[in-house]
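When the chains are written out, they are named A, B, C and D in that same order, and each has its own residue count from 1.
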């Protein structure tokens, strides 16, 4: 069995290679490339990293404690603020957990609408991530500018449906809040039809670029065994070649009805993680086409679901979905009162950072920046 | 400084506009100075939470903060004029924010963007959340919203520019950096065993008498 | 060929640069203070209170101080104090009204839960966003005079929702009137009794004083 | 996948002397869990990971739960046969007892290889004050590393065998464990225009009476 413990044999091998005066550098919490208020204490030998300790908590805003103090419905707008790029998938994951806890079913139309919104969120998140990653590589401005141009289009859709650009607060237990009107669906269809052209252009800008390849290939490799043991999920896990996508594994919602593939990487490096996301976006466009074509009529809310006075009976439930960053899960313990006894978020970005040190060892400090960028973290979710 | 004391321009605005039409621009030193710095406010490249994404969106193509002369987001506080506190300030982060503020050279300004930066916002009941950044540093503009739209940030920036244009450069209303009697540094709080020490800067943070309500039945 | 990827990328940037001069899809800037983006109807930012009559906003608030929104508000930024007396509302019915209705916009996160739980369609979401201020304390604490906005304004910002709400309220009112009439007719047959007592939700709760009410609530 | 009862039986057969109980989950999700004793916790976790039928190679989620002490009122009914031969009497006895509190750590285990789960593993500490040590499962699953640090930080469970047990979210000098139910947060409720409940009580402490609107003089530094 391979030794996967922190500071194990694979780590020591790197430590022993270098002998020299070590320099400890604190990157963050204010650092332009740490995607927020994240801090890494890096020990350097020359420019090589021999030790890296992440420091969390600079955005620890007590999400779980607040969740114990508010009602089940009251926590829904707070989930928007976890991973603030992907509020729709956070809403969905929380709704899934509560629906499991209370045994609520969701009408078919709402399931389709949830898929449409989740895949739009995936497009939004992956596009922005590619822009931010290129920003970290030193490709200042242009890719991020193009990414945000597309993001604004998706946000306009979210805004005209849910009322807010980022903090949608759209899903409800047993359905969705608003039924998307026909003209909204037509606009979504136009956006989805045009997205492939944007992806082609975006890839022409980046994927074949020699500088991007030289900068990202072979950097920040992780092995499949270590990734599974460390609980890494999402594109970062699939970049190592492990076929683990909850849309296939759990088959939640109406995902089994759609025909899509799960792109897999081979090396588990930064370039693979970038490529997986680009390929996933193409699959998402395919899912969106199928979902928009097959959207059934009917109610959007389960009439049995109560908005006020919602008291699930005592018990617990863990619900998870495949968010754009990985497995986002909610674990709820109910004691029969209107507030959950324990409200726990399983944050994918936080757990994906477990092996940040293992990925960075032996690389230069400039590579640490893009490795962190390729893991795709949002601090609101890391620290909660 | 007193010689260039401003306000006594013996010419009306209408006359000035008339002259401008003939190609003659009349201005005062103070006006020129304020015009120049209000049109080139360089913000600190500093994002805290959700609002930071809207701040980035404001600097992107659609909202284009460059039209206000503020697209130059500086990574170093030494080169920045404006601290946009964009998101929740936690107690663990507060000393660092104050330190950044102290590192910025005068004249400097602070915008509290979003509910969290103003008062702790929806997270204010949290044990690790600072209930407003104005407990430690002076804030010039408050932009409510959760998060405020990028347009709201631009509106706040315009308000700040107006405030800068209204400043005199001498006398008792002069800004901090032109006055010798003021210390511009804010004390940095320390991490205590249960809370920050001190929990707020009492010189800066003086809320009015809280309208505490009568308890309900 | 080495460098072809870079050239391809430069071609994309050139296309975008030139396109920004003639293609509106590539030039997306909204020149904000002069040009304002049209807000979608659903856009929400901060709540307001609906009044029926703009000339007498405080007398015609739809809010009856039931305090449900105050209880459900996740960040607890609403404060309501009930009146001790009752005043006639827009329909002339005696109602409890809020003496104090304050929303702390420095805390509010515009989540719309107050709107969803309100059974009287009294609180709705506004669309203002240009509210930057230099004062944190009093300027951001909105009281009921600042929060009250007429129904016409609601029609202006959310026309579809406002029309639905008006139709629903009109139907409720009609049903209530019919019921009151029927109750009055029934009572006229009995020994004389004064006008029907005001009830909070006549459309849903049949008045207990009129058990022989002929028609069911519409 | 095997039911929790089957897993329990296999664990008991493999580890004689260990204690494993199935905790029944009353909600419709029906995710029942296995409560294992701390002494054998790590060996059992290793068994669950390596067992070819289960292969729980991913520990997805680690949660701390606080169960404070609570007073339980029990009603015991005893039937006393009537010596006279009539109907037996039922005597009700009410007894109060303090149910001891504990800290609980919940692990959600999944198998990436076999695509099943969750198996929910729970461990409980002896009490909430001094016997708060549990074996760390970081040597078994790497993903527990930061999550166990988080449980240590917010709940105060000490993990024996953890390679780097430090506070993770709060600062190092912080003394409390804020996710515990009896945590008292620092009181800084100076300006509370819309207070309710506890916040109202705290705000009142700062302003005991409906204070006269004494306009605070604004210092020059506040208004540059």
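Just so we're on the same page, a residue touches a chain if its C-beta (ideal position, glycine included) is under 8 Å from a C-beta of that chain, and two chains touch if they have at least 3 such contacts.
Note that the structure is predicted; figures quoted are calculated from it, not measured.
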Touching subunit A and subunit D alike are B, C
Central chain (distance from its CA mean to the mean of all protein CA atoms) = A
Averaged over CA atoms, how far is the centre of subunit B from the centre of subunit D? Could you give it in whole Å?
-> 43
Could you state the distance in Å from the CA-based centre of subunit A to that of subunit B?
-> 33
State, to the nearest whole Å, the distance from the C-alpha centre of subunit C to the C-alpha centre of subunit D.
-> 41
Averaged-CA centre spacing for the pair subunit C and subunit A, given as whole angstrom = 34
List, in ascending order, every residue of subunit B touching at least 2 other chains.
-> 61-62, 92, 119, 122-123, 125, 127-128, 140, 146, 149, 207-208, 211, 213
Among the residues of subunit D, pick out those that touch two or more other chains and give their numbers.
-> 169-171, 178, 191, 193, 195, 199
Contacts with two or more other chains occur in subunit A at residues 57, 60, 62, 65, 77-78, 149, 152, 167, 383
In the complex, subunit B touches subunit C at residues 61-64, 67, 112, 115, 118-125, 132, 134, 139-146, 148-149, 151-152, 154-156, 158-159, 163, 207-208, 211, 213-214
So, in the complex, the side of subunit C touching subunit A is made of residues 2-6, 8-9, 11-13, 15-16, 28, 40-44, 68, 72, 74, 109-113, 116-117, 125
Interface residues, subunit D side, partner subunit B - complex = 169-176, 178, 183, 185-186, 188-193, 195, 199-200, 203-204, 206-207, 210-224
Touch list for subunit A against partner subunit C, complex | 70-71, 73-78, 142, 146, 149, 152, 156, 159-164, 167, 169, 177-178, 201, 204-213, 307-308
If you look only at subunit B, which of its residues touch subunit D in the complex?
-> 92, 107, 109, 119, 125, 127-128, 131, 138, 140, 175-176, 179, 182-184, 191-195, 199-200, 203-213, 215
